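Okay, got some structures for you below.
Heads up, the next two complexes both have chain A, just with different partners, chain B and then chain C.
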Partner chain A sequence: MSKKWRLWTLLSVLFVTSINMNAQQFDEIMSRGQIKGNFQFESQFYREDTIIGAEEVPERIRSNGFLNLIYSNGGVSAGVRYESYLPPLLGYPEGYQGNGIMYRFASYQKDNLSITVGNFYEQFGTGLVFRTYEERGLGYDNALDGVRLKYKVYDGIQLTALTGKQRIFFDYGEGIVRGFDADINLNETFSDFFEGSKTRILLGGSAVSKYQADRNSQFVLPENVATFGGRASITRGRFNFYAEYAYKMNDPSADNDFIYKPGEALLLQGTYSQKGLGLLFSAKRNDNMSFRSDRTEGEQNLLINYMPALTKQHTYNLLATLYPYATQLNGEVAFQADLIYKFDKGTILGGDRGMDIQVNYSTANNIDTTHLNDEFTFRQGYKSSYFSVGEVYFKDFNVQLTKRFSSKVKGIFTYANLVYNQDIIEGKPGAPTVYADIAIADITYRLDMRNALRGEFQHLSTEQDQGDWATLLVEYTYAPHWFIAIQDQYNYGNSEKEKQTHYYNLSMGYNNKGSRITLSYGRQRAGIFCVGGVCRVVPASSGLYLSVTSSF
Partner chain B sequence: MNRLIILIVISCFAFTAFGQSDKIPSAKVNKLDGTTFNTANINNDGKPIIINFWATWCSPCKRELNNIAEMYELWQEETGVKLVAMSIDDARNMAKVAPYVNGKGWEYDVYIDPNGDFKRAMGVNNVPHTFLVDGEGNIVWQHNSYVEGDEYELFELVKKLSEGEKID
Partner chain C sequence: MRTKNLLSISVLLALQLFFLGCEKVDDPYPVNIGQSIPYQGTEYIIDTEFEIGNTTQLITFIDNNNWESLTSPNNSNQRFILLEEFTGQKCTFCPDGTREIIRLDTIFKEVLIPVAIHAGTFAEPQDPSSGKYTTDFRVDGGHSEDYLNQFNPGKAFPRGTVSRFDNGSVSGPAAWEGQINLLKSESPIASLTINNHYSPDQNAVRVQIDLEWLTNSTKEYNLQVFLAEDHIIDWQLDNGVAVPNYDHRHVLRKVVNGTWGKSIGQAVQGETISIQYITRVDADWKANDMESIAFIYKNDGYEVMQANAAYIYKP
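Presenting the complex of A and B:
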């Protein structure tokens, strides 16, 4: 053993023996400890299938796996995650190669102070200024490795300070990130003043900065770049109004072509909800808000903040994976309106058992820009008017009706109309804007308490891109352990006759308590898989897929 | 530093040979009005609790919670059970939770876990994921995914707990 290790072992032994307690006390404390964790393993055997564009995979089998373990006892908590990509599944970011532990932390909480060292995830407000999070399905993980302190300084006032380096695959980004946030619950801080009041006010402010050395020979780049944000939430009775604003100082980077223009983002949200009715309006404008801890990076790497997409997150295959919207960090103006309403039993539309309707409309446009031609002078790049918009990026109007017809039959019917600027969203210059109509019927028939049959019929019609699609899915489930499903997606409307193919797929699975195993065989259409406005392209594939997931 | 942290973590795991409790871990989540709530404070006065992780974009989750909603009042009358619906919707969809929950008329205790802190602490991988907590605050059962009819098995277990029986 090296000298350092011997010293640490000696210190730990001394520490443990010096704790002045008897065996019973020690047992008592240790018995309060608990371990929780989860495990996931996915593996795919790839077959070459030239008709659908599934290329040969030299390794034949690709697998992703991870295991999370968290120990907690009173105020102490520690955890570790081991990940393995040998190599990663197709469509997963290729930077994940090999195995290793890139997540380990220890944290301690006592009274009003909480300390975390190691890797952690944190969010200030909605994330416009700072958000580190994980989305294992996407391969998104920008955890900070460093130190985080949280302190409740007074009733309703919580302060957070953090510093660290961000994760990028099995390494860390060059930049050093440090941030500070204050979260204030006015009702708690001034509890006397707000006594009995129906109004609830929350405020917050944050400042985050990054340091990265300037190694650029062409420009003099700012080594410290800061972003500031403020937010407020007011709730009164059934109404809630939320506003958040972020301002980023000049941050020339690969994303914005090294201009010195500052960035800003504004998010406004209003909701009204009562029993049987929910209404939401939101608006967002972001301009030059890509904030990374390494200015030369791109794609989803090393992003410090998070710009939510203001579009509806769809779940049905043809709606969700063919033409989904991805947030445009460089500039976008987006609006969304959402209504959900329950027609009661006994009303005309409600019928015997009631009916729910959900209507949603969202749009996203480029910001209005006027090019400045100042590449050799101030390099501000462009100026942008706040109240006008540029070209259309995306429009989505959709309606969903949910109705129970009898104790055995329930149906969900969806219609959507999309306008999708493939050129900008997918980065395919020259591609025409796609106008698509989608209709979906999802019907569940319960044979008895255990057996159920569900059928999904989806249809997409468009004159652009790949043309019309039809999908049929039939799923048989035996509660609580089994399911089997067969699906076929048929691109019958493709203008190229050889591409008018069937994407058939058979899947089955077993689950028990916290564990589940799924096996599927067949073809998988190329698609775009998105969570929260962050997307990854999954290429077409054919073969056998196995997934095992467990929580304990 | 790296090795030290891993050593501390591994020794903590070694110590759990001394005993295992299974209480609800402590994490900060948001209530629908935006204020924070500590999950360690989830309690139902000695009666069973169902903790269900869901999201507004998860179809099976919504199907499960809507199916249970049709029977929730009866379940509560019979067993006093409380269902805590923990949404893992993030900043993109957080604002939709309150309108959706109220629009559907759910009577559950709804919270939002916007950055996954409680989800991680509970070892949840995918949604829907359901946990059952007994009268003493111990997590005694869990289930991942949802198919039609799962709610009947869930209710059988809730009834057992409310009568003081143990679940294996």
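Presenting the complex of A and C:
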């Protein structure tokens, strides 16, 4: 479909909605319409920097940009997103090349029925069975292009049916995805029975299948692969318990080396919350649950489902980008415990202004597998036990204290201890497991209502990989519009003297009414950028970076 | 819940059934009957009548049947000799050849592997009304006649080739012992082992052949596999006398892998070849008198360089 044709399709949809009315009615209706949107443009001028391994970029300048426009009027809405990658910033999937509209939709809602045609994002439960979403920072976009129906059939019961093809860069995957989901809120559906009850129960069930033709001469491949899921959420008072299970039929693919073993995933989560205290425990086990609409694809392409990460999403640079955890779709057993507690004012630890503490512990291990040696027969690959775990992939114990010392001084202090299996997470065979301690102090000093200084002092200590790192950041903010920051990351503990490098960066920005301009110059070290356990590798780069974002 | 809503749910669920689909694949490998199947270092070559077309079916077939196993002698230090005797039930002097083979067998024992190829006019069965020589001992597939035409023993039966020596030249019984002695004194170029696995239920035999080259050679070699049956009691003309209960020895029953066998390439010292033929044993044959015979021969000149034999079943 050409780009022009796509635009005409959108205009036609808008036209059809107005074709049966006179001009006055049309004006009246259009006056009720609303347009929302957001825009982002990022561009970097790259320079070769042999010290950090930043290679020469032939184009010198690379840029990403997009504009979202969504028009809504009553029950009708339509939108487009124009995207531009000329070419994409380093680290983005290279499949993004050129300009175009790969996201456009029109939807209509009347009474209990909602219909969407075109591109849409959807999620069943936590995504074990189905999740399409966009994460721009990762270059991740697996939107469906097709048709979606949502229908509230009764109080508390909503059904969703959808079908479509998934986006892959500026194209669509080969497979066709079909899905169905039912959400039942028992308290609403059986309101008489639950009247006055403190217990709230939500149930859900999903089924998703994909079709991809079998053109493989080596194996007999299932052309239709289905995944089924069920979930329950029970809330009573301050407690919530959530459970979700998914089962996938045989799905031989490049991810699992074309074995025919079914996949399954189980997610359990319990939370407790009251004023000043929050507790969360979660556990997950997924086994052979990579589910893509093209069985030959890899990386983050054409994933139909999503395995939630049970690790904390860190924000401080050394913690977030040196050793972040990437969810292992082929098999993982993960646990997480999270405690948030607020020490009240007047207590010993709370002092005059109180103090927040967050303690988090997460682990991820391989599932415990036994090889079946059936490569030439049934190709089940392995069997695995629910009640034991395999090698350690990742551990993260971290504590964060947030303390306001005075009306002017606030500190956030973080300590983390990481165990990071490079071999598995980064696919570096033979690379040693990294054991790292990280300490961070983040101090903000507010000079007055408009002026504030913030300093970040980060230190990472490890005997493996690149050794010790230190980061210093100083940021000055002139509220509400301006900020300027200088940062240096120093890999002073690298065992190779010539790699004991400074990664300096100077940045400044301007914010105003939903718009922001950022300009920075400096070095970006090679690392991994993850959001929710989904990661991309970022190569080293050096140069001038410009970002403009705006929303309306 | 209103009827209308129930109807809506039903329609959506029906739609969903339409949308969804899934297929469970029990057998990952395409079925390709008649093709060889590599599995765990062995090439399996299976008669098409078993309808085994992939590894899964092969393993299922093996696992689901009971197999009696017998092994051939070790010939890694000895060149074994194949004696292919052309014979026929109406060949009056052929029993002299058989008697010579029996005598040689007592001398050379396992080193000598005789096989009686019934071929030519002497092997043509008579009309059933004649009451004798009615059994057709010629092997199915016309292979007997192929060998007859190739090695050309004429009509002066009994004649045979000793390991197809001298371009497969044939000779009378008087020459066989000398030729055997000549050839058996040469070092073997390969060791060739047969492991027979027989299933009485299936009337099937898995002839496992493991070969290791003991020397290098740029000659091209073929592997040939036969099934032969010993002690078939039937009519035989013996020096002018029609004998109704003659003991026919080592009768070629089946050419398992084609008239000229399977190409196995050149000899590379130390390299091994592992091939298993799965073939049917006719229900009329006495399994406990059946033996498999395997040999390798030079493409250029037919000389059999190593051979071996093993019974397939000893209940």
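Throughout what follows, the second predicted complex is superposed on the first by the 526 of 552 C-alpha atoms of A that agree within 3 Å, B and C clash if a C-alpha of one lies under 4 Å from a C-alpha of the other, contacts with A are read in each partner's own complex, and residues count from 1 in each chain.
FYI, a residue touches a chain if its C-beta (ideal position, glycine included) is under 8 Å from a C-beta of that chain, and two chains touch if they have at least 3 such contacts.
Everything numeric here is computed off the predicted structure, so don't read it as measured data.
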Joint occupancy of chain A by chain B and chain C, clash or fit: fit
Partner chain(s) touched by A:I484 [first = chain B, second = chain C, both, neither]: neither
Touching partner for A:A283 - first (chain B), second (chain C), both, neither: neither
Touched partner set for A:L268, first chain B, second chain C, both or neither: neither
Chain A residues touched - chain C or chain B, whichever exceeds: B
Per-pair minimum CA distance [chain C against chain B, superposed on A] in Å: 20
Contact residues common to both interfaces of chain A (with chain B and with chain C): none
Residues of chain A touching chain B in the complex: 8, 12, 26-27, 30-40, 68-73, 76-80, 101, 104-106, 109, 117-118, 121-123, 126-127, 131, 133-134, 136, 158, 185, 187-188, 200, 202, 233, 235, 240, 242, 269, 271-280, 282, 306, 308-310, 313-315, 338, 340-342, 356, 358, 402, 442, 444, 446, 449-452, 454, 477-480, 483, 509, 511, 513-516, 532-533, 549-552
Chain A to chain C touching residues, read off their complex: 149, 151, 153-154, 157, 159, 161, 163, 178-180, 207-209, 211, 217-226, 249-250, 252, 258, 260, 376-379
Interface residues, chain C side, partner chain A - complex: 1-2, 5, 8-9, 12-13, 15-16, 19-30, 38-40, 55-56, 59
Footprint of chain A on chain B - complex, ascending: 2, 4-9, 11-13, 15-16, 18-23, 25-26, 33-36, 56-59, 63, 66, 90-96, 98-105, 114-117, 120-126, 129, 141-145, 147-150, 152-153
